[in-house]
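Each of the next two complexes has chain A plus one more chain, namely chain B in the first and chain C in the second.
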Partner chain A sequence: MRKNVMGFMSIVGFVMISGCSSSGAEVSIDDLEEARYEIDPNTPAWQVDDEENVELTWYVNAEWFDRAYGEDVITKKLKEDLNLDITFITGDDSNLNTLFSGGDLPDLITIFDGQSQAALRAPTWALPLRELADHYDPYFHQVAQEQTLDWYQLEDGYTYGYPSYSNTIDDYQADIIPGSDAFIIREDIYEALGEPDLSTPEQFITSLQQMKEAFPDVVPFAFRGFGSDGDVGSIGDTFQNHLGVPIADENGDWYNRNLDDSYLDWIRTFNEAYQLGLISDDNFSDDNTVFEEKVERGQYGSVFASGIAQLSGSLQTNVARDPDQRYIAVDGPKNPNGNEPTLNQAGLSGWTVTYITNKVSDPQKAIQLFTYLLSDEGQYLTTFGVEGETFEFNENGKAVLHEEVLQMRNDNPEEYKKSYRLGEFWFFGHDGFALEHGENEASIAVDQIQKWTKGKLKPQFLIENINPDQGTAEARSLVNINSTWATTLASMIRAKDDAEFDRLLGEYETFLETNNFAAVEAIRNEKMNENRERLGL
Partner chain B sequence: MAVLRPKSTVPTKRNKPAGIKENRLFNTLNVLFMIVFTTIIIFPIWDVIVGSFSSSASVATPGIRLWPEQFSLDAYRVVFNDPSIWNAFLISVLKTVIGVTTSVFFTAMVAYAMSKQDLIGRKIFIALGVGTMFFSGGMIPIYLLMRSLGLLDNFLVYIIPALFSFYNMLILMNFFREIPTSLEESARIDGAGVWRIFLQIILPLSTPVLAVIALFNGVYQWNDFMTARLYITNEALYPIQMKLYEIIVQQQAANMQNVVGSVIIPTSSQTIQLATIVVATVPIVLVYPFLQRFLISGMMIGAVKE
Partner chain C sequence: MKPNFLKRYKQQLPLQLMVIPGVIFMIIFTYIPIYGIVVAFKSFSVTDTISSAPWVGLNNFKIAFSDPFFWSAVRNTLAISFLKLLIGFTAPILLAILIFELKAGLFKRSVQTISYLPHFLSWIVVGGMLTSWLSTTGLLNSFLMTIGILDEPRNFLVEAQSYWMIAVLSDVWKSVGWGTIIYLATMASIDPTYYEAAKIDGATKLQQIWHITLPLMSFIIALMFVLAVGGLLGSNLDQTLVLINPLNASRAEVIDSYVYKIGLVQGDFSYATAVGLAISIISLILVIITHKITKKLNNRSIF
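What follows is the complex of A and B.
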């Protein structure tokens, strides 16, 4: 038998060695061929490149992405203008892993985490954007955000990926990005209660109690429920932002906002509300879909809502169901120290990140695609469609969508998705663009809420991407700490009495000490300093 | 001399009715228990079917439904709206039919050879097979293997890797060993070759176990979507399960997309999930009664002891 096992092992060894074959040719920035057209820093290269019918393969790490190409208004125009055919491939992390280990990368890759191992190793598989642009399409530098490119620069000094929805300091200062979190309350209830002040714990509890008596069918107060991996819904960071809890202490060091007194005071208030039956147990077990469906039916009296953009569908459905029961944003809980809300939005890191791989079959067209989509031309196309076909410019020079387009969005959303797909080709999307350049009536469900957030946004660039790198011991302890915090927070809100509340909090603090939180803190401080450098603070 | 006689086993007037009563009581309890038990099993299935025909609003309210509150075919409309679903259906049928026949035949062929004690290298083959049964290479090495075999984006990726299962081979091998060797010997004396013995004697005698393996394989082939997810990017080669999986995830797109005013679809993802469960399950459920005939006779054969 032993002989057989040895034979077996040697066969396995052989297969393992011979199984790993080499992969296709790599492009490197140093041996790029000459551009097939004349490059000019003031003309986008796609306008002069007359190469016909280039084909690119684009992997998007999201299975829900619609792979259709060339049928809707947006991609049809893209195809015409760039003479470009795109084959989309979608998948999840396991597909991404197989792609990387298999070595046969597609031309373009879009991922969702600019801090992931794949992103940090971009120098081994992607092409640096600035250098590629210098070579083939210098116009890129006019349309790409310099701050964003700097932010994504890796240690080797090159920038490989470009994000969607990256908001720069200028964007924040121009005050055009809408906030995405607010305390919202059903308008009819708010009026019936005499538009109460909800700013202090006492007033908050009293009003919720009155609400419970007058509207026994609704759950007086809810928040976006807890998710997996230490996600505490809207009651963590987002609520801390609402209370204006600082992100750094006086010395500029990382500040543990979870243990901030003003925040914990409010959590204590929520605990009292829970004990009085003003918060439902379901809130801790409902997933996002159920939460959103309850918003659709107006089942919550008041909600501390996060992700208004994602919730907009549900808010619209609710208004369509009963316009009187629309949710409106009010000031709600206030910080006892008098801090003003410092709402957050996507920072420089943005949302998705798109790369050109070093296996790209036509690097010239790939960078042209980046330039095109980042320029006004591409931004108008992906946000409003084609002038004359889906929108017109009015006398103020703002884009106005055609009536039939808006109508189809409400009446036949599937057809709308298929033929227009507006807002769903977001690879280089930008939050402020639609608001700055468009003049369509905002939906009454979301408009008031977004107006409330105006002027309350404060960038948190300083604490972006400051967690320990994936795979390190500190990252592992952080995962434990986060999930412990999620269970602690849920238990604290559901605590029987103050004594239990204090005990849970004490246990969490001990857990921090025993799980090497000091090391995580040190890394965060270090990375905050790096951020300061990048931001020139 | 007293003759020892065994106690009469003939039932007397006294104990006979008692036995029947016991039987009747057992039967009643048994029937009652079975009714409750099957209801427990059928209820959730019924709830899924009802839910798939309901409007999204009525599914969102908690509780089990006996009948759709608001009848709606919206979910099915979404599922069947996509014309490529019929192509996916065809792929699934092809992959199941071809996959099952080739796999059963190939595995049986190997099993027949392995059931012969005098097969050269038999022990090595068994050792190799047992090894792979317990240790798999993992997703990425298998992906690399599929790639070097040229099976990426190829219909054969459904067939070739599933052609042989060591576990199924063991089941078949043990069954073949039970068939008396004298049967084969007399066939050989009559002039039959190996192929004729295998095809005309062994296989027909083994229908029960072949039906079991076919059912294993059929259910696997019908339900499998991981193969498509990892190795297939060409939509024309998607099986129905992959297609349905995609319909479900794309329903969630509106929630995922970070855009104000992206489109709202009137069906909730829940009703669509229910409808896809029904669409995906019905065909395999329909096949089962036809296979059941073989399975029952298979069990009876097992019950007869020599």
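What follows is the complex of A and C.
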């Protein structure tokens, strides 16, 4: 009997091991074949490559991504211009892991975390972009952002992935990126209270109390809710940015913003507001969907909001329901030290990152696709569609969307998404492009809020990607530290009195000491120095 | 021995053939993946293949056992699961007996259908319903304030000390009706002449239940009990993920959600596999012990 079991297990083992060995030929940058066309640094290769009917498979690590290809305005044009068919595959992290461990990679891969283990180990599975471009499509160097490529360069000196919505220092300085966080208040309430000043703790509390008396049906103050895995909603670093809490101390070392005095003073104020019944307990148990529904119904008097872009649908619904109840951005809580808001937006790391794998069937077409989407053609196409079909250029040379396109955006968002897909093909999108190159009527729901953020954005590139690498002991400590901070912060806002508030804070500081926070801090400092080097600061 | 075995196999050939697809299915989907367990003894990252990752021995287990958050998750899992076993295991038996004793008719059918319904809702839906019912403006608070038990609305989901009870009661509410099905089926197979004889002897309803229904169901109850014990250390994942928030996390984090957080969210696969493996071994031991005990009590073996 035992023999049988052993025999069976060895068969199973054999099947597994042989099943795991990778298949398919790997391409390496040294043995790329010659380009099938004449390469020219001033002409995009897609214009000279007459190879027909290339097919690429593109894995997107987002189950919600629309896999349709060739049916909407954007992908139809893409297909025509590039003679390219794309099969999209979507999935979640477990699908991605299966792809990697199976070794049978698709041609292109888009992931959401440029700091994940997969991204850091890109040399084992992806092709370096600059070298690929030199070989097949040097025009790429004219359209790709140098800063972004440098930022994504790995230790071996190569850059493998290119992100969407990567904002450079120039973008910040040009002031074309819309901010995404603000203190917003319902316009009718704000006016009924006589447009109060909310900048100091006393004025903040008094105004909220007046609001509670005059409008008993609304929750006077709310914020984006907490997540269980250490996400503290909008009241963490988003609020710290609003108060202009510095990101580094005088010596340029990592600064624990959570323990900053001016920030904690405001958390004490929120605690007082909670005790007075101005913040609801539900704020801590509601998930994002419920939070957004409450915004739609105007159930919050004022909100410290983050992610205005994601919230714009709800804000739009709210305005459509009752235009008087529109939320507007006002200055709100101010730092007692006089610091100005230093709002943050996506930095160089951007959002999604797209790679060309070393199993790619047609590396020439793959890099052409990158170049195309990054060039003006691709940017106009993915933002405004096709000239004459969905937009026209006006006398200022700006893109203006057709009336029926705008109308469908408001009346039938689903159909709009399906037939135009504008803004939905975001793999190489840029935040400022629509604003810089188009003149279209802004949505009344977010227009005022985004205008308020103007001039308040400051890059935080220095503290981007400074957490310990996944899978290390320090990363594990940080998970525990972050979830403890979320619990502590929520408990501090709900504290019964000052004594409990101080006790909770003290306990958190002790937790930091006993959970190896010094090591996390050391890694962050080290990575900040690396960032300085990369950014030339 | 051998000729005998072949002879018997030949006699049962049609039945044996029927089993083969099931066996193949089991081999492919449950035995072959066992190989993945070696990840627990390696330092694995997504771009490794299982065979290429370096060995680290028992290191992942050492880390798990020295992590206070792991032990807090173990404590919560045990507490919630034991409470579920205590209440959630007996409730369907009681409900089944009550339904069984009802006269057949519209009322009986309605009770059955209504009690099954929650089983068909996913935890995502139930979680949303619970968050709204338990919120300060929710159903429960309105009710408690109307009858004067509470003066001020309270959000029960942000109070850590209430979490275990919320988890257990919501699970019982969701599963009790569905759990009665197997017991009702067993009761339906009891020969009615037993009850007629008992009635003639003057047995009361309670005596009939005690001396006829329960003894004849004991085998099924034992089977269900062993299965329930096997699940003691797992299966709270969906519920936890929809109900957890930072304020109740100290009581709500269970092993499965912890493994999910470390493994999938943080990408620490080796560590998560080690925790999962440790839990599976403990569950297996629990099943064996319970099986031994029920066998002693029942004098019949399930396996």
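Here is the rule we use: the second predicted complex is superposed on the first by the 516 of 537 C-alpha atoms of A that agree within 3 Å, B and C clash if a C-alpha of one lies under 4 Å from a C-alpha of the other, contacts with A are read in each partner's own complex, and residues count from 1 in each chain.
The definition used in the following text is that contacts are C-beta pairs under 8 Å (C-beta built on N, C-alpha and C of every residue); 3 or more make two chains touch, one makes a residue touch a chain.
None of the values given here were measured: they were computed from a predicted structure.
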| item | value |
| --- | --- |
| Chain A as common anchor, with chain B and chain C clashing or fitting | clash |
| Partner chain in contact with A:284 - chain B first, chain C second, else both or neither | second |
| First, second, both or neither for A:491, with chain B first and chain C second | second |
| Which superposed partner A:89 touches (first chain B, second chain C, both, neither) | first |
| Partner chain(s) touched by A:124 [first = chain B, second = chain C, both, neither] | second |
| First (chain B), second (chain C), both or neither touched by A:97 | both |
| Partner chain(s) touched by A:256 [first = chain B, second = chain C, both, neither] | neither |
| Partner chain(s) touched by A:229 [first = chain B, second = chain C, both, neither] | second |
| Contacts of A:470 with chain B and chain C, given as first, second, both or neither | second |
| Which superposed partner A:116 touches (first chain B, second chain C, both, neither) | second |
| Overlapping contact positions on chain A, where the chain C interface meets the chain B interface | 12, 16, 20-21, 94, 97, 101, 289-290 |
| Chain A contact footprint on chain B (complex, rising order) | 57, 60, 78, 81, 123-124, 127-128, 131, 139-141, 143-145, 147-148, 229-230, 233, 235, 245-246, 249-266, 268-270 |
| Chain A contact footprint on chain C (complex, rising order) | 27, 31-32, 34-35, 43, 45-51, 63, 67-69, 128, 131-132, 134-137, 154-155, 157-158, 241, 244-247, 249-250, 252-253, 261-262, 264-271 |
| Contact set on chain A toward chain C in their complex | 12-13, 15-17, 20-22, 93-94, 96-97, 100-101, 103, 116-118, 121, 124-125, 225-229, 232, 280-282, 284-287, 289-290, 470-471, 473, 475-476, 479-480, 483, 486-487, 489-491, 494 |
| Contact footprint of chain B on chain A as seen in their complex | 1, 4-5, 7-8, 11-12, 16, 19-21, 62-67, 89, 91, 94-95, 97-98, 101-102, 104, 164-165, 178, 288-290, 292-293, 297, 308-310, 312-313, 316-317, 346, 351, 409, 413-414, 416-417, 423-424, 426, 429, 434, 443, 446, 450 |
